[in-house]
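Two complexes are shown next, each including subunit A; its partner changes from subunit B in the first to subunit C in the second.
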Partner chain A sequence: MVTVKIDGKEVQVAPNTLILDAAKEAGVSIPTLCHDSRLNPFGACRVCLVEQVGNPKLQAACTTPVTDKMEIVTRSEKLSRVRKTAIELLLINHPLDCPVCDKGGECTLQDLTYEVGVTKVRFDAKPNDTPVDHTNPFIERDIDRCVLCGRCVRVCDEVVNIQAISFLNRGTDTIIGTSFEQPWNCEYCGQCISVCPVGSLNNRIYLFKNRPWNLDRVKSVCGLCSCGCTVDIDYEGNEVFRMKESPEEGINHGYMCAKGRFGFEFINSIKRESEAVVKAGGESKKVSFNEAVEVAVEKLKKVKDTAGADAIAVVVSPRLTNEEAFLAGKLAKDVLGTSNLFSTESNEVYPEATLEEVENSDCVTVLNIDVTESNPILGLAVRHAARKNTAPLAVFYPGYTALRRVSKNFVTGNPDEVRAAMESYAAAVAGASNDYSALAAKLTNAERPVVVFDPYNKADVKIAQDIKKACAKVKIVPAKSKNNSVGIVDMGFGAKCATEFAKGLESGKFKAVIVLGENLSARSVWTKSASKAAGLELLLVTDPFMSETAAMANVYIPVATFAEKSGSFTNLEGRVQSIEKAVDKGVNTDACVVSALAKGLGAQLPADVSAVRGMIEKEVPLYSGINWDGGVVSYPYVFAGEVAATDGKAKGKGKFFLYPASLRLHSGSFTRWSPDLAKVYGEPMLEIGVEDAKELGIKSNDRVKVKGEGFEGEFLVEIEKKVSKGCIALPEDFVATAGIFCNGKSLRADIVK
Partner chain B sequence: MKNVFETIFFTEILQGLGITLSHMFKKPVTYRYPFEATPIQDRFRGIQYIKTHADGRTKCVGCYLCQKVCPSECIHIETDCGPNGERLIRKYELDLSRCIYCGYCEEVCPVDAIHMGWEWNTVASDRSGYVINMKTLSQNYKDNVEGNWKNKHLKKKLVEGVQQ
Partner chain C sequence: MATEVKETESAGKEIDFTACDEICEKYKDWKGATIPVLQQVQEAYGYLFSEIVERIADNLNMSAHQIYGVITFYAQFYTKPRGKYVIRVCRGTACHVQGSGRISEVVCEEFGIRNGETSADLKFTLEEVSCIGACGMAPVIMINNKTYGNLKPEEARKIFRDYAELQG
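Presenting the complex of A and B:
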């Protein structure tokens, strides 16, 4: 510990602490512009200059570490002059178009100008006037407003590791841009927007729609993927204007991904339904909520009386809150008396490592998942471990992913080769000597090793279990997909295998099915049997949109999205986090639907969050005494039992290996209702390698037919240089592709032109 | 002695009558409203107008500052991104039935768009016309410039003040 005196206040800080942090400790604030505590010190703007007693040179507080007995002055006549000049110099070429700039009202440069009191222009002002760049579908770039703080460049390099943008040119010509002024295509994570202190990089989804001072804000949790990012939902009235990071907060440290940042528009979508629909005798009728519930209750009673409770099934979507899933379980078990609780999730594997443990891991292995696309924040944690901690990172995937930049050991090939490699790797961890022994040794010698895998691929789960068995200190991360994939399992929707539901539909065992938020047609396990659901005595579907399944329903009730309700989600770490209601779109929540159904059936179930939480704490042992604002559930085990060995080999015949691609910019079938995401990625694209495409003579955006054993489909082509030779990939979770991947995760197929 | 004199000859009464008499030959200072209008001073704050560029486009850029500053919350603005990435004003509404003519909106406008005009008569038999939009506000500008006053009494000379 060293002692430093800042503005007369003495503080004890660790050696090498930056003056800025020491000042914070002392309760002294120093203005900054280019500094970001999550990034490496840079020192570009000189706004944070401070005086050190006994040193004639001014020091930049954001880059200078403290030394013992240092005495710092942060406010003086001289410093005010210096700071003012620094800002005045920045303003020479600044267009000063605050009235039209989207950053107006929350701009650091604006604030600093007021703070230092620049009122006159002392220099020959020559405002820049370059056309605004719109090549990026989500980001507006106005280089005129740039103060060259480098935060965007640094965050894209240090955190996102994509290096899409950098400083171009030299001296006064320096600008921020892409190399050789290429069109700006990147991960679209928007981290650069979030760190830009001025209006140089702006969110095009929110662009010019409102002003920050008009917006109300709630802190909530993103309801798209299972990372569980803490986000700010900014709204005015009943419209959500933006979903943005809570600066430096949450398990995501204030980072987000394209889905969360640009995909929230479905909440305001005009395509959302507002009225319940009841179908009878081939005619559909718009009815009130109560009428729809009455019809459903009548039918449930009838089915229960005639066919017994076992003919009723309840399916929930992983988009539901814990509270809603719990209520749905109560309704099924206690009110209806059925044990047919289904979801796409299974209770085979539970979360273990937290994101923090992944970040601080000293050896990471990623098994057969494109984690930066499927779970972007987990992807950032993996990158952090590999880049900042230089942890050895081994990735197995049938094509290069964005992790290639940070991984020295990237194993690709066709899916069968990758599977064989993963199996040998697991064997090597267990002690066998083969090609992967050296790689495996890194894992076994590490202190805090982590394995990330896809819990929906049975063969991968088996490999992860083998690794965990051989090396107990390995912490596993099942990269679950949806916002509450983990939570609904905890609430009892994972005990029964999803295929059982498909069988029940096929055999006609189920007469009445309640589907809360799920889209059966878009799930590969259910897509084949989904059409059977149309002929049921009762198919009750709740969904914010008229999904394919909702269109088949004989009772449809529109419901709220995550921004319109309170409750909690459990993320992929097993962390329970509360969500907050921001807007009201005039539709009921799933909790209201369940509670109304229960009432109709003569039982009482509360819809109110705190009452339900009380019940959960009593009835779900894992959640007894849980902190609903960030508490991590401690699971007694990670694998429920011995995972059965599956043949992971590609099924069928054909020239190409077909595997599920990462869902680019989407999170299941839900975000497809976001017009902006859909503009960039609207329909499933067939990814194919450059060589194969040349051989077949197909170009990007051609339409080709994919044919395999038991499936066929026509898709747009996207030529991707990262796809290995002899492989093609299609995204899962589209209605058009669910019918393909119901045959297996790894297939063989032919391309017919 | 003087008092006795004044009392005897009613001089004070005569003085008073003198003043009354002199006023009979002066011009009247009152106005026979509504048949006759009161004069409007240069700095009078009447119904707003919004300036337009020479080609007819509004000068307002939709910065929301007037909406923010307005103490009676009578301005409502909606903006969006235009097809070429420009700032587009979807809606600009000003509720004259709420306006207190404080002139803050004029003061705050960073691009010299909104101004207080000289027109002031908002009397109407129903409330429907009180919420005026950008079209009316731009027309008001034209009227102020050209002197097309609805209230005929407004003097032409004030027009010069608008054009500055």
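Presenting the complex of A and C:
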């Protein structure tokens, strides 16, 4: 430890601590502009200059490490002058268009200008008038406002590792831009927006819609994938205006993805339903909430009396909160007396490693999943490990993913080759000698190895288990898909196999089905049997939108999205995090629906979050005494049992290998109702490699037919450099594609023009 | 590099990436390889156009945007085609005093190109440089690797015309 004196206050800090951080320890704040504690020191703006006693030169606090007995002065006449000049110089080329700038009110440059007291412009530079760049669908770039702090370039490089923008030219001509002034094309994560201290990079979804001082804010958790990112929901009245990062907070460290940042618009969608619908005798009628519940209760009673409780099934969506899923379980088991609890999730594999452990791992293996698309923040953690810790990263995937840039060991090929490679790798970890022995040695020699895989692909789960068995120190990350995929399992919706529900529908075993938030038609495991649900005595569906399944329902009740309710989600680490209600759209929550159904059936179930949590703590041992805001559940096991060996080879016949693609913009349910996401990616697109497209003579946006054993469909073509030769990919969770992947995760197909 | 120089924009034409791939292969997994790769690829292809930059990026597992940042930072890299003869007119203090500005004008009169531009027939490129280090013979110009000093504008014009008449 070294001792430094800052503005007369003595503090003890570790050697090599930056002056800025030491000052923070001492409770002294130093103004900064280009600094971001998550990025490497840069020192571009000179706003943080401080005096070091005995040194005639000023030091940048954000880049200078402390030395023992260093004495620092952060406030002085001289420094005020220097800082003021630094800001004045930044303002030379900065247009003073604050009244029409979206950043007004939350602009660091504006705040600093006020703080140092620049009131006059001493320099007469000619104002720049470069056209604003709108080539990126989500990010507006106004280059004239840029102060070249480099935070966007650095975050895109150091954190995201996409390097979609860079410093161009030199000296006074320097601008932030793209290669050959190409359209700005990237992952659309918007990290650059979140770090921009001025109004140079703006969120186009929020642009000109509101002023920051009009907005109210709740801190909540994003409900669009299983990462569980802490976000700020900014709203006015009952309209959500933006979802943004909570600076440097949460397991996501203030980073977000395209879906989370730009996909919230469905909450405000005018296409949402506001009234319940009851169908009888081919006619549908809009009714009140209570009437809909009454109809459902009558039918439930009738089915229970005539066909028994076993003819009733409850299906929940992994988008429900823990509290709602628990209530649904109570309703099914205690009130209705059925054990038919279904979801797409299973309790075969539980989370193990936390995101922090992934970040700090010294060897990461990613098995057959594109985490940068399916779970972007987990993707960032993997990249962090590979880039900052230079951990060896092995990736197995048919086609290159964004991880290629940080991975020296990227194994691609067609899905069968990748599968064979993964099997050899697992064997090598277990001691076999083959081509992957060297790679496997990196894993077995590592201290904190991590394996990321797709828990929905049985063949991959098997490989992950084999690796875990051979190397016990490996921590696994099953990359679950939805915001509460883990939590609903904990609440009892993972014990029964999802296929059992499909069978029950097919055989006519179920007469009454309660579907809370799930869209049967868009889930590959159920899509084929979904139509059978239409003829049931009762199909009660709750959903914020009139989904394909909701349209079949004879009782439909519109419900709230995650921004309109309180509760908790359990993320892919097994971390329980509370969500806060931001707005009210005048619809009930799933908890209210369950509670009302219970009441109709003569039982009492509370809808209130704290009451339900009390019940959970008593009845769910995993959650007894849990911290509802950040506590990690400790699971009794990782793999439930020996995973059966599955033939993971591509099924069927055809020229091409067809595999499910992950999408960073959609998972096919809520986000397809967000107009700006839908503009960029509306319908499922067929990804095909450049060479294959050329050979077939097809271009982007052509429509082609994909035909395989037991399926066919027509899709728009998207030519992707990353897709391997002989392979094609389609997203999984769309109604149009669910029917394809119900045949398997790896298929063969032909393309018919 | 013995590869034939490709001067035209690549629109519609197949580009032979072999030389580029060979150069990248040599430097694969080297740290700090970007500049030597760019130098050699530029030598092989004449200048760095967008397709070749994409190719380098793919080969080196880097972002094209980052590479473009490097290209635009250094004066030695060109993103536009270069003439067969690069005329460097020294605009340093000594040459300036001796009237080198007039020599630049002569180039413009003869070939219609200004600083940084290349003539339409891809024969000449004009580059005004800060100092060639031959102030004793100001005003001085260089055409490719040949130096001409103590020039009068009309002498310079004659030299340019001689080059213009050269075949090939």
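Structure notes:
We adopt the following convention: the second predicted complex is superposed on the first by the 750 of 753 C-alpha atoms of A that agree within 3 Å, B and C clash if a C-alpha of one lies under 4 Å from a C-alpha of the other, contacts with A are read in each partner's own complex, and residues count from 1 in each chain.
Operating definition for what follows: a residue touches a chain if its C-beta (ideal position, glycine included) is under 8 Å from a C-beta of that chain, and two chains touch if they have at least 3 such contacts.
The structure displayed is predicted, hence computed values, not measured ones.
The superposition on subunit A brings subunit B alongside subunit C with room for both.
After overlaying the two complexes on the shared chain, residue contacts for A:140 are found with subunit B alone; subunit C is out of touch. Of the two partner chains placed by superposition, A:198 touches none, neither subunit B nor subunit C. In the superposition on chain A, contact is made by A:98 with subunit B only, not with subunit C. In the superposed model, A:426 makes contact with neither subunit B nor subunit C. In the overlay built on the shared chain, the residue A:61 is in contact with neither subunit B nor subunit C. Of the two partner chains, subunit C is the only one that A:179 touches; subunit B does not reach it. Of the two partner chains placed by the overlay, neither subunit B nor subunit C lies in contact with A:587.
In the superposed model, A:208 lies in contact with subunit B only, and not with subunit C. Closest C-alpha contact of subunit B with subunit C, superposed model: 25 Å.
Common to the subunit B-facing and subunit C-facing surfaces of subunit A is no residue whatsoever.
Touching subunit A in their complex are the following residues of subunit C: 29, 50, 53-54, 61-69, 72-73, 79. The residues of subunit A lying in touch with subunit B in their complex are 98-100, 104, 132, 134, 140, 204, 207-211, 213-214.
Put simply, subunit A touches subunit C in their complex at residues 157, 162-170, 177-180, 182, 404-405, 408.
Those residues of subunit B that touch subunit A in the shared complex are 61-65, 67-68, 79-81, 85, 87-88, 110-111.
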